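Think of it as A, B and C in the order they're written, each chain with its own count starting at 1.
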Amino acid sequence: MMKTNSGNFFEDYSIGQVIRHAVPRTLTGAERALYHALYPARGALYSSDEFARSCGLRQSPLDDLIVFHTVFGKTVPDISLNAVANLGYAQGRWLKPVWPGDTLTSESEVIGLKENSNGKSGVVWVRTTGRNQHGEAVLEYVRWVMVRKNRDTPTPEPVVPVLAPVVAPADLVVPRGLTFASHNDTLSGEPYRMGDYTVGEVIDHVDGVTIEEAEHMLATRLWQNTAKVHFDATFRPDGKRLIYGGHVISLARALSFNGLANAQMIVALNGGAHANPCFAGDTVRAWSEVLDKAETDAPGVGAIRLRLVATKGTAGALKDDSGKYLAEVLLDLDYWALLPN
Amino acid sequence: MMKTNSGNFFEDYSIGQVIRHAVPRTLTGAERALYHALYPARGALYSSDEFARSCGLRQSPLDDLIVFHTVFGKTVPDISLNAVANLGYAQGRWLKPVWPGDTLTSESEVIGLKENSNGKSGVVWVRTTGRNQHGEAVLEYVRWVMVRKNRDTPTPEPVVPVLAPVVAPADLVVPRGLTFASHNDTLSGEPYRMGDYTVGEVIDHVDGVTIEEAEHMLATRLWQNTAKVHFDATFRPDGKRLIYGGHVISLARALSFNGLANAQMIVALNGGAHANPCFAGDTVRAWSEVLDKAETDAPGVGAIRLRLVATKGTAGALKDDSGKYLAEVLLDLDYWALLPN
Amino acid sequence: MMKTNSGNFFEDYSIGQVIRHAVPRTLTGAERALYHALYPARGALYSSDEFARSCGLRQSPLDDLIVFHTVFGKTVPDISLNAVANLGYAQGRWLKPVWPGDTLTSESEVIGLKENSNGKSGVVWVRTTGRNQHGEAVLEYVRWVMVRKNRDTPTPEPVVPVLAPVVAPADLVVPRGLTFASHNDTLSGEPYRMGDYTVGEVIDHVDGVTIEEAEHMLATRLWQNTAKVHFDATFRPDGKRLIYGGHVISLARALSFNGLANAQMIVALNGGAHANPCFAGDTVRAWSEVLDKAETDAPGVGAIRLRLVATKGTAGALKDDSGKYLAEVLLDLDYWALLPN
């Protein structure tokens, strides 16, 4: 009865510790097809090999969020099995495209630890790196979670990493060879380019999707995320299955096509909050705010910094007077995407 | 707030106008696997590369209805976002097999316009063509929809295209190389060949499938069909999500295996009506009527014209005394398929 | 109305009869991806081409249970359409890996017949063999079912095959080239090897999954299993759809990763009982008991015989005092798997 993984507790982590996560995964065009079935994804670069080739890539890479979910899913048994809360993301960067046939592994380094004053839990910061079969880093990001203590151990010296609030434009990695010099706006679906977006502009993505249990479980399993709370209706007292936050990210990002069709690739994750839990039956909508714009060295390729908000309600509202997220807000994500100049 | 697509209204269309639809799509073996998960599809030619090779093809092509749904899905944002009703199909022909790895685009030409006497809507006829990455047409069909007017514009001169009620046998395109000369009836599942079917014969396909919300949404998203009414439970006053008519087509066609296992490939769509809406929880059954038979030039390959009816009730009944579809009828489709002589 | 398959009845079978089942199926990496979406499968060898190569295989083969379900699904229209009960399995052996791109066919020989004393039904034993496109056997197993009689025919001489209660270790077939000499336990997810398991040990796999209708239907259709009772909510008087027993097998096997992560490949099915029906809404858990251990000739490769039990309740309990399965038990499976020494 002792062979099953009971996960790590706060006292099991130490600064500098490196955890190599289990179960490598080969991704193929099938994950792309499933992604299209699970989310209303329509980005041309991830939908069409021909479109990707017209942008200088050898074929359509795996969607940036497929890579994120796959790398993230592997960390769950080691990082978040005993987590009380998923507190934040920072300094996420996509470093290389992942191609059909590539095999991903995932590794995390503990970079911060701070026990809570109640002595019953603490915050753990990890820097997670996803690698392909050649050992090349394809994605890295920092995540911090609140984790329960299991034993009465001494409080460690607090180490709180200094995290940039946003990835600097100079640190964005544009996939080698990418060009939007001959970007076809008819095929991509919208004519709007960098110059058409202004900082502060808010875009209501209009469409809504009502989520079913089967859908979020299919998705979450596909990323080999094993957190019980997503699958076992007997786990929570209210009999509800909590939807994996990444499912809401992918859903909102796909909905944002309508108004941001040319924001082709996510290259950085500046931050994010899962503001409220999401459950089956919720109808998810999304809106975006343009936060910043930047140049890149690649031909015709600009970078746009976006706030992506998923809600169960209407567009535009985010927090109440006290700075607390409104109950209808599910997600507040801050990312950089590549968009034609 | 103005960047999202609000779709075309009746007054936005003009005769001869060509609309190139967005988001090219590369199809792979994964779409075939998903098709088998979504529908009880068992046609040997689309299930097995080996069987397809024994019929003279280089491998199993993508199912004819995968091609139809993919080409159709692209037209939705431009043609049917403001449609009140999907009125009919005509002159549909599959022109070339689509192979795993092919990338499809879709284009529509406006060939008819007729404003309704109330001045609030009108009928738009389009001829849609799907093309592969070589620019070759793989599918064409005419569809007409009733679309709302948004502005008070002058009534255009009515243009109503003359449409053939049925694709003539001489116009059917048999895939190059196809032969049923050594068609293996044991592997295909039934011994019935062209001579075993008689015009007027009705086949009850016996099996029934109860539809779930997650299933029709997975399917409809896979074809990148964006119509809100399929996904957003808050869209209709009754809180129901309308099931994409093409989902019912694929379900009925798959059920028709039981009695028509050798009707391997659809080559023409003569007409079709979505007689009543379909919702999750409905148990769909199907029956077919043999409407006609014809020869082709390919070895052992005959053509059979079939009426395929999907119902929520029993087989055989279709319309009431006044010629109106019975409430239990979901679909009335008229198509040509290839079947061994 | 007579062209649809009404299935075979008890009187239609004869000893020595060979039934070649319809609809060959080409399997690809897409079936693997779907398997990962449908079940919480995390076995490294079936998840990663790189891991499979480190075990001496050319790439990751199709999951052993994908092969089982595909071969089994083909037999349904001929063997179990009129079955009253699925009584047992024996002598199942996986004989060769199935690779993406392989095409499977399925064939059954009738090896036993015994009419029930009521004269209304009888037991049919078949040995089913799955073959790839080269005609090589990839899987064989014996199954017996109780089938209804349809006509008043003479009672045949009873023939009851002598079946081994367990596949002898010497008869296990290890895939050619397989080695666990450099098995990476960090990547596979657990450190436990043959020496860490003792006969009689019971492992509670801890996790639970609540099943949705859409999930089991997607899975069952993927294997082209056509039994009405899985899909048609109007078929049973209680309006419930019975979940395909193989869905429960795959779910339990995937859950058993937690404690048996290194039991990489199933090589034999000694027996199995679907103890009670499973329905959507059930939360399935699993536990395993180590029944035996054996050596193989392959480097570092041992064999472990496991009882895998799926339940709707808690671990450990199986039968009541009279030897009857407890109502909460869904599955009692006996199999051999390969595990590093």
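In this section, contacts are C-beta pairs under 8 Å (C-beta built on N, C-alpha and C of every residue); 3 or more make two chains touch, one makes a residue touch a chain.
Keep in mind that this is a model prediction, so the values were computed, not measured.
**Q** Given that chain A and chain C are copies and touch, would you call their interface same or different according to whether over half of its residue numbers are shared?
**A** Both copies, chain A as well as chain C, present different residues to each other, with under half of the numbers appearing on both sides.
**Q** When the Cα trace of chain B is superposed on that of chain C, what is the rotation angle, expressed as a multiple of 5 degrees?
**A** 120
**Q** Find the geometric centre of each of chain A and chain C from their Cα atoms only, then give the gap between the two centres in Å, rounded to an integer.
**A** About 36 Å, centre to centre.
**Q** Two or more other chains touching the same residue: where does that happen in chain B?
**A** In chain B, residues 28-30, 33-34, 212-214, 218 touch at least two other chains, as defined above.
**Q** Spell out the residues on chain B that touch chain A in their complex, using ranges where they run on.
**A** Within the complex, chain B touches chain A at residues 1, 3-5, 20, 22-26, 28-31, 33-34, 77, 101, 103, 105, 133, 212-214, 217-219, 221-222, 224, 226, 228, 231-235, 241.
**Q** Can you tell me which positions in chain A touch chain B when the two form their complex?
**A** 28-30, 32-34, 36-40, 42, 44, 47-51, 60, 186-190, 192, 196, 202-210, 212-215, 218, 258-261, 281, 283
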